[in-house]
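Two complexes, one shared chain (subunit A), two partners (subunit B, subunit C).
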Partner chain A sequence: MKRRPRFLPVDLNRSALVGAAIVLLVIVLSVLVPLLSPYDPVAATGPALAAPGGQHLFGTDQLGRDVFTRTFAAGRLDLILALVGVSAPLLVGTFLGAVLGTTRNRLVAWLWLMVIDAINAFPFVVLVIAIVAVVGPGVTGLLIGLAAVNWARYARIARSRALILRNADFVEATRVLGYSRLRVLVRHILPNVYSETIAYGLSDFVIVVLTVSSLSFLGAGVNPPTPEWGAMIADGRLYLQTQWWITVFPGLALSFTAIGVALLAHGVSGRYAGEK
Partner chain B sequence: MSSGASPETARTTPSSAGVKRLLARTLRHLSRAALGALGVLLVTFTLIHLIPGDPVEILLGDAATEELVAKYRQILGLEGSLPQQFARYLASVAQGDLGTSIQTGQSVNSVVARTLPMTAWLIGVTVLMALLMALPLGVAAALLRGTWFDHAFRVATSVSLATPSFYFGLLLILLFAVRLGWAPVAGYQPGFPGNLQYLWLPALTMSGALVPILARVLQSSIAETMEQEFVETAIVRGLPAPVLVWRYLLRPSLAPTISLLGYILGQLLSATVVVEIVFNLPGMGTALVVEGVLLRDYPVVQGIILIFALIVVAVSFLSDTVSGWLDPRTRLS
Partner chain C sequence: MSGPLLEGRDITVRFGRGADAFEAVRDASLTLHPGEIVGVVGESGSGKTTLARVLVGLQQVASGAVFLEGQPVVEARSRESVPKNERWKVQMVFQDPYSSLNPRMRAWSAVAEALQVWREMTRNQARMEAFTLLQSIGIDESQARRFPKALSGGQRQRVSIARALAPEPKVLIADEPTSAIDQSAQARLANLLRRLRSERNLAILFISHDLALVRYLTSRVHVMRRGRIVESGPTEAVLRKPRHSYTRILLDSLPGRRGEAISNRRGEAISNRRQERRFPAADGSGGF
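On to the complex of A and B.
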């Protein structure tokens, strides 16, 4: 059994570099937007529905708010939401999955596995939106929904990885050396399991950022007037034929981010989702 | 491994032990599906208990009278202890009763019956359309592995997967419905074949997420099949290209795609929710969002997501079973 520290970008090929450049650009613009733009993202700062150019690089929306400022203010929120929506379930789910893969308590492991499989049986967006419906929309509801659903996928991956590792030679060796089971789990199993789930986490980031904006697009995510990509696209829908910029710029920012992360994930892990 | 055997010879000589193994496998899949359904019911049941505070108070607010509170408790199934509630929930679902809407008083069954056919049509058209695009793409990408086409294929599928379906849908509306006038902007009329006019653009939107998955799985499984000896044998035998591609390349490669059907359907159902809203289609996704989530109609939410998950469980069971039949090699090893 080879130990592969997979999350180190050992093979930074062209697609990973392009992806990294795109992601970096979005991050930099999102962080620096208060310095780059004199406008308030939630207040009217010009005439309504002004075309791109001049005072307003991306134009203004139906309420006279600056689309450039809003697009990158939204970027900050979406990136933070997706980061939390990936990392919290990753940490918790991986730990739980690794414990389930190594525990000797068959019944407990079986019951947990049933819950994990049940959650994973639901279409992702569908269960997240259902949880948001009961706990209430907004940033908190969105994060609760993402965390409650997403941990199960990490637990599934971590468990199957831990099951393989449990029988690996180097784990066998720790048993011979008489290490405690806790030490084996924390020092030898978990690091290897985490390298696997972190590799998945990067492609999961794409799914989560799309889910966050989808829910806001449907009106079940971030509440207006807070700028968010999906919510902005929903706002601009009615003006799509004439004032395309309200929809197209936040959409481009969202797609570029997702594509950048996807290329990065693809390049870093050297394989891609859908292929085993 | 029986990788050297031709798929034909393996199929024409099914041993009784092989059939027995197949039956045992199917039974195992069936019990797993039953457990899966039970777990799904546990999740939908738990959902209503995730509401912070008392759901009846939240729903009724100041209008709460003792009578109304009792009535809503009964509708939401909140009487008695948790195990009692769960038992009652299981019993009513087993009898085919999904509950009653608290906003309209309609049965959730009638909401599902009204919206399911349209969603089924959308998914059917999407799958057909996606297969028509993914099959040639996957075959080409597998045959041209390592060439510029393969690289373009990888980048294009990554880009397509990362494009949000609601954005893609809006752009397609702008191009095909508004500029070219080839499709209605939104809306739906039931009845085949007239409904296809309303469905092809939403189906194309959903294909944007489905084609990359299908084509990639096909590409990698065809590439794997090409390394098998029976393919080499077929080439040496000088079989005509269509026979070679279908019987010796595609058929043995379809099993991985079919075993992914449950996962793919999950993705499709997620996409339906968004795409139905974009195109204003009166399907289950629209019902979930508009009648359930936005109106906080908990029984409607519970009922619809239950149907969604049960469909996924059922299709996963079917695809596990069928992929076992389709690829005779799984019977042997």
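On to the complex of A and C.
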């Protein structure tokens, strides 16, 4: 199914449209709410454990902080973390994988492949936790952990794609035409590898958002009092039976974001992966 | 100038090692002179494509050599095939128009790139020249701005040809360029190749299993079977009076052409008429 509303530059199917709308809503709220809110997301601004309504739309937590402001301040952090946690490994992994897939130096390619396979053999979250434990928790530690592990996924995809491309007629044609290896890599291999890794990157975004939250929930991620969805959920779980709003609102925001991105990824990835 | 432009001498290509080794091409020799179209025919798996890949330096040889203007450019055990600064002289058009163009590059851009690399043009010059070159082989400006997926098989093959022509090569290896496109596009492509030969004095090696096309285009032909060239000679003579039994089988196996191979006045007349129908604009420059 293809529909092209006039205001959109690309064809999007229904799943992608719904997903894009949700993601856009989360982004807009995450940018605007912390800016416009009268409350400081990290300071007590009212009575503790106030129910939603009136002054505090989503209520307040056990320290009297406004849950509404915190939820969207957390959104900003989580989205930025996920964006960096996806795009940096995407760039590095794609480039490296493409080089490995096309190099003639078998020994170097083999050594790199060992490293990639070793990283990929570990469960994603476990390895990130291990690295965060070494580097120390916090935003920086989290980013280092994500980047150090995640690039290997992209490199694996890029490499196998490049191995196929290497024997495609249009790449052989570049050899007949005597193009330099750099030109072939940049103009012919990479543009065709990117389409594949970007498709994975979209679905990976969900995994990374959830990983960031899970790690913070476990205390291995963002440090308090910085608002973060996973950390907020962890904060509220003692009060879940009585003051449900502390947990439920960041939980809803996280779920909505994950669903939105998943829908968007599902709808858009066909454009990239399905193309010949 | 005495010798041939391109010469393949006793080319043998082996895949695999030891007992599993398979000889895709064995002791194949052929020559190409300027302004000449030479055909290579044979069934699938007979080694035609492998031979073509050897001639452009994509395939290493087990023994034998390729000479370009008398200089060896491909030899056994040499890792680097055709030297980089010589590569422009021999270009190739691939069999499958659906994989021979970069899907992420517009038609004009693929041609402009080759121009930029080999003719020392600026980006803008190359762009203009690419449009001109594409125009001259029947791809108009709006088609030139498209990505390959928005072009037909025949159009893609033209873009491939334009890209191959960009360095102004002396030899064009055309590996079954017509096998994946429809009949009328085939005829136009054949006429294009003829025109290129006369306009640019281009030497073309035309690989095909379409004997009607080979007869129409080529002056000499080599028949390949199981990696060997089993028969060579002037196209008319070979197709009309095949000496090798395999050539006869090949001719007979063509649907609707039974009897054509065996010299027979009526058969000859039929085939001529059939060709006229298929190639209406034989030597006229129009027809696109």
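The rule is short, and it goes like this: the second predicted complex is superposed on the first by the 257 of 276 C-alpha atoms of A that agree within 3 Å, B and C clash if a C-alpha of one lies under 4 Å from a C-alpha of the other, contacts with A are read in each partner's own complex, and residues count from 1 in each chain.
Everything below uses one rule, namely that contacts are C-beta pairs under 8 Å (C-beta built on N, C-alpha and C of every residue); 3 or more make two chains touch, one makes a residue touch a chain.
The shown structure was predicted, so the numbers you read here are calculated from the model rather than taken from an experiment.
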Practice item. Sticking to the clash and touch definitions up top, decide whether subunit B and subunit C on subunit A clash or fit. Key: fit
Exercise for review: Quick one: name whichever of subunit B and subunit C touches more residues of subunit A.
Suggested key: B
Exercise for review: Considering only touches as defined above, state whether A:133 meets subunit B (first), subunit C (second), both or neither.
Suggested key: first
Point to revise | Touched partner set for A:187, first subunit B, second subunit C, both or neither | key: second
Practice item. Would you check which partner chain A:262 touches, where first means subunit B only, second means subunit C only, and both and neither mean what they say? Key: first
Practice item. Report for A:176: first if it touches subunit B alone, second if subunit C alone, otherwise both or neither. Key: second
Practice item. Figure out whether A:79 sits in contact with subunit B (first) or subunit C (second), or with both, or with neither. Key: neither
Revision key, fill the gap. For apex subunit A with the CA centres of subunit B and subunit C, the angle to the nearest 10 degrees sits at 90
Point to revise | After fitting on chain A: smallest Cα gap, subunit B-subunit C, Å | key: 16
Practice item. Overlap the subunit B and subunit C contact sets on subunit A and report the shared residues. Key: 275-276
Revision key, fill the gap. Interface with subunit C, subunit A side, in the complex: residues 168-170, 172-173, 175-179, 183, 187-188, 191-192, 195, 275-276
Practice item. Within their complex, state which residues of subunit B touch subunit A. Key: 35-36, 38-40, 42-43, 47-48, 50-52, 55, 154-155, 157-159, 161-167, 170-171, 173-174, 178, 212-213, 216-217, 219-220, 256, 266-271, 273-274, 277, 288-289, 292-294, 296, 298, 301-302, 305, 308-309, 312-313, 316
Point to revise | subunit A-facing residues of subunit C, complex | key: 56-58, 84-85, 87-88, 90-92, 94-96, 98-105, 113-114, 117-118, 149, 160, 163-164, 167
Check your understanding: In the complex formed with subunit B, which residues of subunit A make contact?
Key -> 15, 114-115, 117-119, 121-127, 129-136, 148, 206, 210, 213-214, 217-220, 230, 233, 237, 240-241, 244, 247, 251, 254-255, 258-259, 261-263, 266, 272-276
